[in-house]
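As written, the chains take the letters A, B, C, D, E and F, and residue 1 is the first residue of each chain.
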Amino acid sequence: MSDLVTFGETMLRLSPPDERRLEDADEFEVLAGGAESNVAIAAQRLGMPATWLSKVPESPLGRRVVSELRGYGIDTDVVWSHRGRQGTYYLERAGTPRGTKVIYDRDDTAFATAEAREFDVDRVQNARVFFTTGITPALSSTLRDTTASMLKAARQGGTTTAFDFNYRRKLWSPEEAEETLTKLFPGIDVLVIAARDARSVLGFEGDPRQLAHKLGSQYEFETVVVTRGSEGAIGWHDSVVHEQGAYETDTVSKIGTGDAFTGAFIARRVSGDDVPTALEYAAATAALKRTIPGDVALVSEEEVEAVVSSGGEELSR
Amino acid sequence: MSDLVTFGETMLRLSPPDERRLEDADEFEVLAGGAESNVAIAAQRLGMPATWLSKVPESPLGRRVVSELRGYGIDTDVVWSHRGRQGTYYLERAGTPRGTKVIYDRDDTAFATAEAREFDVDRVQNARVFFTTGITPALSSTLRDTTASMLKAARQGGTTTAFDFNYRRKLWSPEEAEETLTKLFPGIDVLVIAARDARSVLGFEGDPRQLAHKLGSQYEFETVVVTRGSEGAIGWHDSVVHEQGAYETDTVSKIGTGDAFTGAFIARRVSGDDVPTALEYAAATAALKRTIPGDVALVSEEEVEAVVSSGGEELSR
Amino acid sequence: MSDLVTFGETMLRLSPPDERRLEDADEFEVLAGGAESNVAIAAQRLGMPATWLSKVPESPLGRRVVSELRGYGIDTDVVWSHRGRQGTYYLERAGTPRGTKVIYDRDDTAFATAEAREFDVDRVQNARVFFTTGITPALSSTLRDTTASMLKAARQGGTTTAFDFNYRRKLWSPEEAEETLTKLFPGIDVLVIAARDARSVLGFEGDPRQLAHKLGSQYEFETVVVTRGSEGAIGWHDSVVHEQGAYETDTVSKIGTGDAFTGAFIARRVSGDDVPTALEYAAATAALKRTIPGDVALVSEEEVEAVVSSGGEELSR
Amino acid sequence: MSDLVTFGETMLRLSPPDERRLEDADEFEVLAGGAESNVAIAAQRLGMPATWLSKVPESPLGRRVVSELRGYGIDTDVVWSHRGRQGTYYLERAGTPRGTKVIYDRDDTAFATAEAREFDVDRVQNARVFFTTGITPALSSTLRDTTASMLKAARQGGTTTAFDFNYRRKLWSPEEAEETLTKLFPGIDVLVIAARDARSVLGFEGDPRQLAHKLGSQYEFETVVVTRGSEGAIGWHDSVVHEQGAYETDTVSKIGTGDAFTGAFIARRVSGDDVPTALEYAAATAALKRTIPGDVALVSEEEVEAVVSSGGEELSR
Amino acid sequence: MSDLVTFGETMLRLSPPDERRLEDADEFEVLAGGAESNVAIAAQRLGMPATWLSKVPESPLGRRVVSELRGYGIDTDVVWSHRGRQGTYYLERAGTPRGTKVIYDRDDTAFATAEAREFDVDRVQNARVFFTTGITPALSSTLRDTTASMLKAARQGGTTTAFDFNYRRKLWSPEEAEETLTKLFPGIDVLVIAARDARSVLGFEGDPRQLAHKLGSQYEFETVVVTRGSEGAIGWHDSVVHEQGAYETDTVSKIGTGDAFTGAFIARRVSGDDVPTALEYAAATAALKRTIPGDVALVSEEEVEAVVSSGGEELSR
Amino acid sequence: MSDLVTFGETMLRLSPPDERRLEDADEFEVLAGGAESNVAIAAQRLGMPATWLSKVPESPLGRRVVSELRGYGIDTDVVWSHRGRQGTYYLERAGTPRGTKVIYDRDDTAFATAEAREFDVDRVQNARVFFTTGITPALSSTLRDTTASMLKAARQGGTTTAFDFNYRRKLWSPEEAEETLTKLFPGIDVLVIAARDARSVLGFEGDPRQLAHKLGSQYEFETVVVTRGSEGAIGWHDSVVHEQGAYETDTVSKIGTGDAFTGAFIARRVSGDDVPTALEYAAATAALKRTIPGDVALVSEEEVEAVVSSGGEELSR
């Protein structure tokens, strides 16, 4: 049985090479991309056996996604569906001022029809941590119920629940997100949230330390992590606020940085680290992720430890 | 104004390199693929100015498709839509016994919502030939009406109507196809149909010569072309049947062979060739197409003539 | 009829991948590259229908160039020639201190024989703007006459004439360039010129504002734009000087930045913008261009507007 | 617990693109290649849960191999070693008369040190079938003992033992192979052997039917399969000989054909098929394999059934 | 000092991947291609030290060509020129009926200006064989003189002269070729000529055996080799005619087959083989060449011997 | 005869594209990589004829390495061995904090068995400079003797001996390196050493100027060059210390920077430059190298001179 079970959709990610434009593309790089599987992989890499739970079309495209995730070392426990599409998205990379763009093509997916009763509740209840994100309930009304049911089942089984707020403006409005996600908050032990989402979706104000404290107090979370991109993160736990900076990186791909952070944080917390130490490992994992193409933190525990102990200097060859 | 106007959907075609499996793909080749645009390109290459009419999402993916078609030299006259997906399909190439496989992902497209009133009727009525295929009405009930309306408008404008039966079993059942398409027959002057579709969808029997004759007589077409793959084609016109063999080829890509044949046949007929001569040029164009990667007949008129006059020997360097 | 007609040579551009050396190259990326077609494309992207006029060999290489340009959305109106080569150039990319290198292989081209009488004068006289650059008359003595004739025809037809000085030291000496190009100045309404060319070829002195003013006054241009690379540009019009900075960019390819700037400037001026506003859009278009591989500004009007209104911040995904 | 456990070395396979020569290669395609993992994958694809047992260096190269195998869907149960190399081989593809060439670089590997006590004997004893090949004992004297021990343990646990003779002349002489492998025969239930190996290594004579019968009788195997490349295979069981032809294929890669055959045969036998039926599915799986690039039978059970039921015709799209 | 000295132009060969059309190409594969360097390489591979003599522009493109040839193992002795282009050609591969096409872009090259006095006559006179082809004098009037001078110098130095007729219709008419090349015949010891050139350019009639005999007798060659493509070759020597078949091959690239044949024939003759044996090795080298991408016979002497001794069966792995 | 002879191992270098991880690689770029051949190439590029001496397996892999080096323009004089592997290494590129990683797979190579008597001592004694590095004696005890013998032979022949200390911690401990290499010092005229190696392996202290002086005085070298990465280098000669800064670069590949520096320094010293001038050219060559992918300084003498005379500004196109 895995220590961590995550639940979510992983899409086929199609992207032109380098910074080529979609409208001018002759080929697409094909990868699997999804926040919840990214978190599972990062945790597994830091030594926490992890399983990704999902519903996937029984098709070459569905198998393509699952095959890649298995190759990264996690367990995959999927409901194979004979109805519904495989979600895809198109990614166009660019720097300032163009900016990286994402086009979702994820309507009518198999995953959007996933109901809690299709999954083995024991998987969730025997895990130490259950994790999903705010993307999941944004995908369909069915998934709003499913998310709520699974968080409830986890809580009943004594499994810690962790949740990344992950607001996506291409999926729903801030108002819809707020209404849906705050309803889930009572069932969540550990909340990860970007400072900008706390402000623009939940309407909190103040500096990130204040945001963390207000969120933690108001909703009685066990732990709150407020992420701030290149400025690091804040951890709130037992009413104490801990600050963690971000390491310098030669960034190759930003995508998946937050998921690497979250997966590592969960793994280290479960292995017994206190919050400041877990934040440090999370920041180191995130930094390593940024040097790796693709969305996934293909790191080793030794590398993460080396970054922490060297304070982020380039590891020698 | 173009001499040929074609109407249909052109999809984004995604395919792994060589014979790699979709479930194992790390990259996709990206091309535009659609029967009606293929026919327009083949006709244009043989000297008949051609326009492709369609409805396409106003998105990088939609622009990607239109840009490729323009590059092939035809005119594109598209309604840009702010709703609906860009149709895509996944192509997995393979030989015997695996066989090439196609996965359509073309539900809820912008094109499926195309109505006749969105297009400029003058475009159709000022052309010499209007062409579409049995794929178009298979895509939505809206498109069944649209197809009927456009054929009607063409007829009213004195434009010759040409139609490729093109039955696709992944889109509808033989029964649905038969019911829908035979209703369109009275508005069609030139019918192109594969012998196997005439048998399995329309229930005709007999050898291809008989099929052509029965079809032509029963539905009062002006011209019927029955295609037989590597065995060539039959042309029926004025109650006379003409037989055309297929040229030997070193085949690189079969896809689009039929469209190359049809486009060339139309172009040569309009330029004044009799049916047997037009069939010969059509067969030569189809043969050249098979030596070219992708779906499109990127040939020149000189090459086609050289094949016809050499009887299909390899052109010298 | 197009609002903008540009006239010039577009070469086949061959370049090794990344920063590989030509002498070590195993493959070349193939693109079409030419200042006048780049300007047409940039203008078209900003909403100004544009046509590129040229003379091209009737060969697969000539068709290759025309096909790519059509794919970018502009109209191409070319004289197909049975004599003369397709111009090519080899591009080797490199940073400091090696520097990007260009090897021209553009002698004896079809374009070098282009005479004014081969083109439809109505195309030019019915356009709102006619554009060419200082590269064109540098290519052959025939083209010096042709350039003069076409500028004259444009002026006679009431078409605004725009000209990018574009001195190329691999084509001719500063003295030849000065003598030839200043003779064309009386026929030009809008001059675009790099500050360094104004100094080293035309012998002007002073800061860019002074350069613009001296040029404008001395030759009685309607408008002068002096470009300064990463330091922005100066616009002179009605004896008033306007200064425009350059936006910060994550640069992927510098080539074509000036052409993007010029094309956008022309398009916005024609659409009614005053000089400062047109300069602002031109700078935004140039900034977006630098994030895009290749020579061409594959931007949308919305993107340009977003850069202008955000002041150049990275556009969100 | 898996129904099939296989034991062997899987190498990193490095090959130039297409038919390029090694001495002229600028890039290598990277794949994992090994007979025992190939067999596990083929069996898993036909519905038999399979595990690959091995010893692998704890290095990025070792992880590379394991990651690929996991992605194909089998379980991997490996001893991670801090000593010994990752075996590699270089593959140069070519047709007649050059012929495909293999250069092994597999001395001093981690796998060569694998001892039986390092593996969990329960894994083997709880499986329904244990499988290895004649390559394994050819790799080191340690592995000769290990192979014998594991076959013995399997037998003791009531697990069926299957063995592919797989003589490799680059690893040892026919005399060494004969001496070593015939000693293992008493512990083997199902032997797969190429007709040419039966002749040139074991010195048997006669046609393949006779070879199968002599082998089966002399060594008291439960089942013998004699493979004959493009001429099919012979199955001997209960003193009855069954003949199976090979399907026609458009071959893309021959490598792994035998492993696909063997894996499918084992899976079908265990699922209850009689020998002739299992041979038919084995032949169909082998035929599909030949249409797939790489060494691995990335097939589905449905596809194999379709080939069997259609008699090997190209599956329609 | 090399035993073989060849003299000729080697071009930069640019070709789209696979069978893609030039007009649709996004990238070109870059190789060096020239008959005389191909012959030198084939001879060197069969153990005869060889030097390629040429005149090349001092530019990255010229260095590119020389670097590739050196990498193949021959010596290069080139005059570096500061004037003249690097010859290039575009190659579009295709099967029946399209056929492979070549577009030469080799006017005004550095090589076309090569004069005999620019080369070290000792190089030629100290070699055992001097070789050039009918392409060289076709390139410029200067080269006609140069070819004659070098053949004369070779003869004076006691060096055997070998010559491949190699008629290229894109360079000159049959009449020009006949007039020029027959003038060179008295200075040539060994003539290689395609049967079709002997017929269509020189006007000989009869079967290949007769062609060889008539040519040899009329022009008093020491040896004549008449090549017949896939039907093999005829050797004529001392008034005796020897016939050599062609080996079966899985052909990957036909280009350079004749050069491989000629280079091997020369090398084996010089090493003491009689004509029939040399023809056999030549045919084996040609067969191996056809399994290798590109123009060059990257074979080893062992491989050639293995083909000869096995009679052309696929070499085992 | 070459002016410079270098002796060392050149490995096959296998690296995933861009910053991809080895454990996730689908393809490897293949290059030849070795310090001593790099130095030979850099010297040759600056006008000093150079030969690389080595022992290489007679295999496609060995030929692959030699072929690439010949293509770069140097002479290769290798002992072809029928025993021993071709050394390889895997390179994984990454920026901060991951850092570029190297995995050596160079045990049991052909080169490790190279003895002095296998090489032609005249080659070394007729050269002006003999060069090897501290990597060579680290590879086997045989090579320790061979290195000593060759340095001795060079000294006896009046050939200047140059040596790059090049400590590699993956090959031996600092203690072993110190003991072995300092024994070679009396036979060395010109020592190149990184400041960090002088400190951590040899135990010297002080700033780089002091290191150079102490090393030079203590071991009586003729010349010492202390390299300091991006901070430049120190040259010590005739008891005078010269300081040279590093040029600014847009770095594409750092690997081989030191070798480019050393090769250029040797070439310029031999051509008569004083130490400060040679250091300046060395720094310019190193700067150009960093703009070039791969390990090798594919520069021209003109480019190096242009960098020196421009003080390192980007060379104009």
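Definition applied: a residue touches a chain if its C-beta (ideal position, glycine included) is under 8 Å from a C-beta of that chain, and two chains touch if they have at least 3 such contacts.
No experiment lies behind these values; they were computed from the predicted model shown.
Graph distance from subunit A to subunit E, where chains that touch are one step apart, equals 2. Among the other chains, the CA centroid farthest from that of subunit F is the one of B. In this entry, subunit C maps onto subunit E through a rotation of 180 degrees when their C-alpha atoms are superposed, rounded to the nearest 5.
Centroid distances from subunit E, each centroid being the mean of CA atoms, peak for A. Averaged C-alpha coordinates give centres for subunit A and subunit B that are 45 Å from one another. Look at where the CA atoms of subunit A average out and do the same for subunit F: the two points lie 46 Å apart.
Averaging C-alpha coordinates per chain places the centre of subunit C 63 Å away from that of subunit D. In terms of their C-alpha centroids, the spacing between subunit A and subunit D amounts to 40 Å. The residues of subunit B that reach two or more other chains are 21, 23-24, 26, 67, 101, listed in rising order. The full set of touching chain pairs reads A-B, A-C, A-D, A-F, B-C, B-D, B-E, C-E, C-F, D-E, D-F, E-F. Residues 67-68, 70-73 of subunit E are the ones touching subunit F in the complex. Here subunit D touches subunit B in the complex through residues 247-252, 284, 287-288, 291-294, 298, 303, 307, 310, 312-317, going by the rule given at the top.
Interface of subunit A with subunit B (complex): residues 14, 21-30, 59-61, 63-64, 67, 85, 88, 90, 92, 101, 103, 105, 107-108.
Subunit E contributes residues 18-21, 23-24, 94-102 to its touches with subunit B in the complex.
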